[in-house]
Amino acid sequence: MNLLELKNITKQFGGLTAINNLSFEINEGEILGLIGPNGAGKTTAFNMISGVLTPTKGKIYFKGEDVTKLKTNIIAQRGICRTFQLTTLFKSYSVFDNVLIGCHLSAKTGFWGNLLNTSGVRKGEGKTQEKTEEILKFLGIEEIRNELAKNLPHGYQRILGIAIALAAGPELLLLDEPMTGMNNTETNDMIETIRKIRAKGTTILLVEHDMKAVMTLSDRIIVLNNGVKIVEGLPAEVKDNNAVIEAYLGREQDFT
Amino acid sequence: MNRKHYTKNFIILGTIAFLLIIPLLSSDPYHLQVLMVLLLNIILAISLWVIMTVGQLSLAHAAFMAVGAYTSALLVMKLGLPFWLAMPASGIMAAILALVIGSITLRLKGAYFLLVTFAFGEIVILIFSNFWESLFGGVSGLIGVPPPDPISIPFIPQVRFVSKVPLYYLALSLTLITVLTIYRLKNSRLGLTFGALKEGDLLAECIGIDIMKYKVMAFTVGCFFAGIAGSLYAHSFVVVTPIDFSFYHSVYILIYVVVGGESSFLGPILGASVLTLFSEILRKFGHYESIGYGIALILVMLFLPSGIISLLERIIVKVQELFKRIKG
Amino acid sequence: MDMTLLLQVTLNGLMLGMIYIVVALGLTLIFSIMNVINFAHGEMYMLGGLVAYYFSEQLQIPYMLILVLAMILVGVFGIVVEKFFFRPFRGELLPALIVSLGLSMTIQTLTLLNFGTEDQSVSTVFPGMINFLGALFSKERLAIVITCIVFILSLYLLIQRSKIGCAIRAIAEDREAAALQGVNIDRICSFTFGLGCALAAAAGVLIAPVFYVNPYIGGLPLLKAFIIIILGGMGSLLGAVVGGLILGTVESFGTLFLSVPASNLLGFIIIILVLLFKPSGLFGHE
């Protein structure tokens, strides 16, 4: 069964059509790669799925339900979480607190309970702390738990971004260029991490310019150009597709 | 780490003990009056700080205080309600108003929200000074607000609010309650969520936080205590005039927070205390008061951008190092 | 309703609206490129009035010259203030706000100590009335309206046509991108701040003969300018002009048909209504 379905989505910014009649599906448990040259509309697609932007036309279904017009926080509640192309963190909080904040949806957030620090709230908070520990361990960042997010090196900041999104417990995780600015080792670690996340049953939509990473990770790939889906298929098919090569022509992309 | 906490707790407990015995040290009504103003300013500063933790700047805090002051005074004077009911009612009134206004305006950020609250504050003062004069008393406001009703507790002599001393203890208790409540809130999951909104509300939304809900919550809580402060003010100082709650008063409250240091819980408390005393000392110098105050603001912002609390923290660290060196 | 009265009220509203617009333009310009809500802006207006009083009553200098002199003096003062007090906080809303409040207090009180608190009047520059459509208008007020319109148009041309105006727009649009394109941010901020202050001073000079001068006169125009820029949209020059015209009209007719407090309230209610439907003001962008 498909987990997410985009149906004839169009997004216009004033006169500019960033996404044009885009339709695709994401199946449960897969890693779907979404690639395309700069300005193709990948981030815009993310913004619409996560509710940050509303499509001009078309519908988005998650687990069969129409989520097109839902607010971002409701969509997160339904089980879709995302990371950002430009690293976005709770900068002046520690790594631990960042992830703890990420656990918001499973935390007890009632006003009076928190004010009076009832036993229910304390138990709930104990659970979120455990969950935070688990996530830190899962991503191998438990050693830097007390560092402030803003002081982290870039690579760790990217991982922390994913940690925050995972804390919200998504069924579908949208990753916007998780490998940007990473060196080879870091990229390989990230590939492993993404595999691990999928192995836990989380479906992933991956936007990434690092072709090697996308080709190795993705079960299927969709190629966007100028807001239009030009190709959809298995990594091997996409790699040799003429339209794709055309779209990327003149760009320094590594297809090997 | 532990030692720092130790020093901090010591300072806090010492301060509370000192505040408790002040009426024994000096019965000069002027001193108590100044301290009551100081305590009121602490309530106002720390409650504005709650609003600022979600990243919003309000210039309507004095207006919400006005709502509390008028509500409480009118409930007692016109309806004959006891102060002990009117006081919580004034907080609730301010909170309800904040809930309504906040739900509409908290979509706005930064300078926009600041200016809207400014406009709202002006409306409130305009209404109190020019409309329904038979109720609000116009520009001269409400005169002869009675002191709190006496409390009788079995086995203890009745407490009557005839002198400054019991009023001072009332102010001190309300201040402690406010500070403790807000401290609890800050250290709870809600405090964490509030701070997250300030840091990045898009990210917060993407992990499922309903940002409007928590912004409105923080705003309502902050304004509730501003309302309580208004009630305390009305019944302690007998007269309530609209000009007491002008936009400049709101600005002062904001200044307490920022000069004290908005990034820490103790900052607003420290700021309110230091600046209240500072302007009291300067008062002797007539017009030079404003100059002194103005220059102090500029200097603090230029040289201590995280507020005077950062200076205090630095001093504590220095003192501890000194102790270590003496021991070692 | 008496036609003459209506016309006169309209002119009055127009005059006040124009003065407020000139004050608001400086304020909104400074906000748009520096993210500073300058509470000391009203003091610049006050200083303008003061310069007018001093030069015209004590030194008897022609008023046109006074206008220019006041703009230069206050403009330079603004540049100095920007360099020492605002530059360290560029882009940070809160500290700059507090500093501007500190400045406002200091400037106001320093003036007060040297000038006293008494109202001083400045003698009329264009005495007499003019007959227009059967209604009598004071020449003074017409002159003020016309001068303000000249200022507004010149500012428009400066911003739209000149090189420096282009730089100002670039910074307002996107500070970092402007810096990358080689715009000297410090210089432009300094210029804009000076320009904003000079405009406020000009308003103070222009209105001085109609009202009076004392150290406290800066408060009211500042308040009105705030209302105008909320209404029109912060940082928008067109918004400031439209907002000022709306406010001037509403207030003068409100005063005529209702009362002063009611007309003030009306101004605020309009703001709240506008913000409900367009949170960034009439011409602000989100």
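Labels A, B and C are assigned to the chains in the order they are written; within every chain, residues are numbered from 1.
We adopt the following convention: a residue touches a chain if its C-beta (ideal position, glycine included) is under 8 Å from a C-beta of that chain, and two chains touch if they have at least 3 such contacts.
These numbers were taken from a predicted model, which means no experiment stands behind them.
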Chain whose Cα mean lies nearest the overall Cα mean: B
Relative to subunit A, chain with the most remote C-alpha centre: C
Cα-centroid distance, subunit B relative to subunit C, in whole angstrom: 33
Interchain centroid distance [CA atoms averaged], subunit A/subunit B, Å: 42
Computed distance of Cα centres, subunit C from subunit A, in Å: 48
Set of subunit A residues in contact with two or more other chains: none
Residues of subunit B defined as touching subunit C within the complex: 57, 104-105, 107-108, 110-112, 114-116, 118-120, 122-123, 126-127, 129-131, 251, 254-255, 258-259, 262, 287-288, 290-291, 293-298, 301-302, 305
Sites on subunit A touched by subunit B in the complex: 50, 52, 71-73, 76-77, 81-82, 84, 88-93, 97, 100-102, 104-105, 107-109, 111, 114-115, 117, 121, 125, 128, 164-165, 167-168
Residues of subunit C touching subunit B in the complex: 31, 35, 37, 39, 85, 88-89, 93-95, 97-99, 101-106, 108-110, 112-113, 223, 226-227, 229-230, 234, 259, 261-262, 264-265, 268-269, 271-272, 275-276, 279-280
For the subunit B and subunit A complex, residues of the former touching the latter: 181, 184-185, 188-190, 192-193, 195-196, 199-200, 202-211, 217
